[in-house]
Amino acid sequence: MTAAEFTTPILKQTRIAEDIYNLTLGPHPAMLTATPGQFVQLAVGPTWDPLLRRPFSICYVKDDGAFNILYRAQGKGTALLAHLCAGASVNVLGPLGHGFTLPQAPTSDPIVLVGGGIGTPPLVFLAQSLSNMGIRPHVTLGFTNADQVICEEYFRACGAHLSIATDDGSYGYHGLVTELLEQINKPALIYACGPRGMLAAVAHFANTRRISCQVSMEEHMACGMGVCLGCVCKTKVTAPAAPQPNAVGGPGWQWQRVCMEGPVFDAAEVIF
Amino acid sequence: MSTTQDHETNLLVTQIAGIALDNPVMVASGTFGYGREYATLMDIDRLGAIMVKGVSVTPWTGNPMPRIVETPAGMLNAIGLQNPGVAYFCREALPWLRQRKPAVIVNVIGKTVEEYAEVATRLDQEQGIAALEVNISCPNVKEGGIAFGTDPVAAAEVVAAVKASTSLPVIPKLSPNVTDITAMARAVVDAGASAVSLVNTFLGMAIDVRKKRPALANVMGGLSGPAIRPLAVRMVWQVYEAVQVPIIGMGGITCVEDALEFIMAGAGAVAVGTATFRHPTTALQVCAGLAAYCKAEGVTINELVGVAH
Amino acid sequence: MSTTQDHETNLLVTQIAGIALDNPVMVASGTFGYGREYATLMDIDRLGAIMVKGVSVTPWTGNPMPRIVETPAGMLNAIGLQNPGVAYFCREALPWLRQRKPAVIVNVIGKTVEEYAEVATRLDQEQGIAALEVNISCPNVKEGGIAFGTDPVAAAEVVAAVKASTSLPVIPKLSPNVTDITAMARAVVDAGASAVSLVNTFLGMAIDVRKKRPALANVMGGLSGPAIRPLAVRMVWQVYEAVQVPIIGMGGITCVEDALEFIMAGAGAVAVGTATFRHPTTALQVCAGLAAYCKAEGVTINELVGVAH
Amino acid sequence: MTAAEFTTPILKQTRIAEDIYNLTLGPHPAMLTATPGQFVQLAVGPTWDPLLRRPFSICYVKDDGAFNILYRAQGKGTALLAHLCAGASVNVLGPLGHGFTLPQAPTSDPIVLVGGGIGTPPLVFLAQSLSNMGIRPHVTLGFTNADQVICEEYFRACGAHLSIATDDGSYGYHGLVTELLEQINKPALIYACGPRGMLAAVAHFANTRRISCQVSMEEHMACGMGVCLGCVCKTKVTAPAAPQPNAVGGPGWQWQRVCMEGPVFDAAEVIF
């Protein structure tokens, strides 16, 4: 779980949907310690513009420590990344953060993974880990339309029950991914990653039903290492918390760092 | 008998405000936490000093989110000096820090002159602190939010109060958001500063064009990173000609050449800030680079301070 | 009957200091010469205004070389306002310029209050000038080199003297190297400014580490380019809240989003400077981008001014 | 001679000596108007760090308007350029500046081209143009050592009399290129490009002997278009000069812009 800074070649980069890329980066031993929900910070571009690293969830790690991220080219940094060819080098900081907590033991209770858009990739790693434990998760995914659907093959490969929703009905269920979630019979545990609005809806669904739920949060990051306090997120103080370096806050709430205590938080904790 | 390694390292030995330093390379306050976070990634014992994140009397919650935004070759931050307070610092962070080799310089913050003095008094009881860096860029609550850092009289008052509350060397950290940085430097030196740190961040802002709103919740924030380096070097140059105390130079340092710019402009030591976010080992690389440079040029680091004047 | 093209273009029509402009996009003084150099490369008639290079009473030779040095996302210049003087300008440059479509805004410089006034008086005899931009970042020779731009009293004096010497609108161009930009803005507005331009360059410097000397012959220079944008946007924001006159915003604009940042922060018009060096057509692209944006959002440019407040 | 701004693909890039690259850029009609001694400004890197374009002399232009530059990777911008592969795009501003003035008519008087190091490339274009006029120039080149020798084949291809000097004698004459120049019998016209010290020596040689001589100067540039006045060079006011936009100066001297009135100046004019 100790992060490393390393430079590694791009082994492969493929455009898998409009503006979405699957990037395979060369192996590093540190990546073999990664757990689902953790992320890496990539230095994009060779100069100081852009300045900051970009955070990306780990989609999966191969046995040799090579790993993949799936990302949407949307701004300055990801556009640069998308232009790189196999053979080019990328500097990586990771694995970082606190990922999903896996069930202690195999269970036959329905475990549900809820993904929205480009929030889907870390759920691949999670589904693989669950599958390795002998768990067949229910995976429900939401996308804007058929062209944006990603990762299907990975979930099928690990035997997940897969259902997909699209906003315009061009693929799968016509509607919201949260509607698919409601159709699952008595989920025992929910894991979610996606846009803030979706996470809030999933958390609300879980919290009102007292279903254990973990959500992966997103904030702009500078350091990714817990020092800059740029990525904090408001959480409830539920129990008298053990003093944490950055656990300051107000009445009933405290800041937690998305890059350290997160990105994955207990849905009952997060103040949306 | 001294080895080559020792010899090279000796070229970097220096002293700032009476603090003996193995080398003049520090990490800047707020960009290295309390030192522990990066310790797994690198050998922090090779740093000259660690300037810890600003410490206040009581815990500060800082500003709402969003707190950071990237700009060309720079970043704006409006963290708002979130920190768990001096008691927590002394209990949880300092014991670990004082066992490390780098000098520990504690960045002191407050909303009134009294708060600064109180933090200094509390820290004076502790072992293992080399100096206090007084961050005068905090809003002066009593004076209605004007920063101590832009008024020479208010700055001198803070520095004098801290000086009176501690036996440690006092190093005011100057704000660059002033017409005349030398007036600020003179004021704090007259008030008892043993050295000065410069610069803190430049007041800036960005608009989120899609939202038609300021990108930071706090509206304005501090600009740091390579973008500000030419401005920071200029201020070090000016202050070097204005006062006699040593200068800890910072602002956009990313590599040994950048550090040399500051040293040649007059900085006796340098600190790496934002660049650490990009490459955590930047400060160590600067340090190794300085050792190699001094060896190749056959000079000690002290002989380079201010040579460009 | 108005075509779609006309309609889009109309969204950009505006007025600054009483000058009617087809669009609010200008090119900044000193980065576009007297307009002619770039005319072969692009259709300069599509610019809102051309702010010509600073013009003084007599020719100025400027500073020795080197005069420029690149910095991260920015550049330092110490040209020293080299220019062939107002007589040459009126004889050789203005006749060509006044036949072009963009409004001509002449940047006025001087070493004393009297020199500023003299240039203004001379220019007042000419047709085809829309306004005078008063560059108060020049060294005040009488006061021993302190810039007019950092002292509200001196700035007001210059502005009043220019105002008294011309019937044209007077637009002081503020220096950003001050503690409080709003105090400068208030002073020049009280002295009769019809609009303000901001910002001029930030005082910076770089060291040539190999030579162990300042990289610029003049030691210090002005920082421009994307690096300074967050600082410039902050100042436009502050000045918008402080005075009622229109603001011409500039500092690191490279694209339509950057221009929108300034406009939403409070600029009624924008100028492109350093980015032109990289891509000569930047200002035209900004202009086209603004037209497309206004059309898509269904607003006029004037409705966007200051919306982020 | 009108400059254009255009984006064009890299057709080929080869490393031809330690840190020296030969870059072939795609055709553009504007390049067909280029004359020897003119230069282009290349935008290096996709972001604002580095900010400024880099000036490079035109080494030669092919019939279709494709053209070559030869450059030394020495700093931030040229390092970025050296990393680009064939197919990548580069933005060009050019052709710029005022190049070498060719002889009015073919002549059999010795015409000498003096090149130093990476100042050699524009002399290739010049030698080709002279050759097209039926002139066989004497080309004398100086390099630090054998590994740094470039452009030999181009000069041979246009039939020049070629002599090369190296500082360490590892190739050709052991000594300075100016010593080779002195060995040529009564040069009628000298063209020179190279480091400032070499140009000063060549100018001195020519001026004291009243040999007509043109030197190509170098200064850091921002605009390359004559507006920023960052690239000026001190020249003597020999005759009552026609009023030039930027011809201001002091007693006996005036500034001229390397990017507009230059980079090529009459050696008798330049104040070194």
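Structural remarks
Just so it is clear, A, B, C and D label the chains in written order, and each chain counts residues from 1 on its own.
One rule holds in what follows: a contact is a pair of C-beta atoms (placed from the backbone, for glycine too) under 8 Å apart; a residue touches a chain by one contact, two chains touch by 3 or more.
Predicted model, so just to flag it, every value in this text is computed and none were measured.
Annotation of subunit A and subunit C: jointly contacted by B, D, touch as defined at the top. Chain pair with the larger contact count among C-D and B-D is C-D, by C-beta pairs in contact.
Centre to centre, using the average C-alpha position, subunit B and subunit C are separated by 35 Å.
For the pair subunit B and subunit D, the distance between C-alpha centroids works out to 47 Å.
In whole angstrom, the spacing between the mean C-alpha positions of subunit A and subunit D is 54. Along subunit D, residues 47-50 each make contact with two or more other chains.
For subunit C, the set of residues that touch two or more other chains comprises 71-74, 225-227. Taken as a contact graph, the chains are fully connected, with every chain touching every other chain. Across the complex, subunit A meets subunit D through its residues 45-50, 76, 80, 83, 85.
Here subunit B touches subunit A in the complex through residues 30-34, 37-38, 40-41, 53, 59-62, 65-75, 77, 79, 82-85, 88, 92-93, 225-227, 254, 274, 276-281, going by the rule given at the top. Residues of subunit D that touch subunit C in their complex: 2-5, 43, 47-53, 91, 93, 219-234, 243, 245-250, 255, 260. Note for the complex: subunit A touches subunit C at residues 47-49. Interface residues of subunit C facing subunit A in the complex, by the touch rule stated above, are 72-73, 226.
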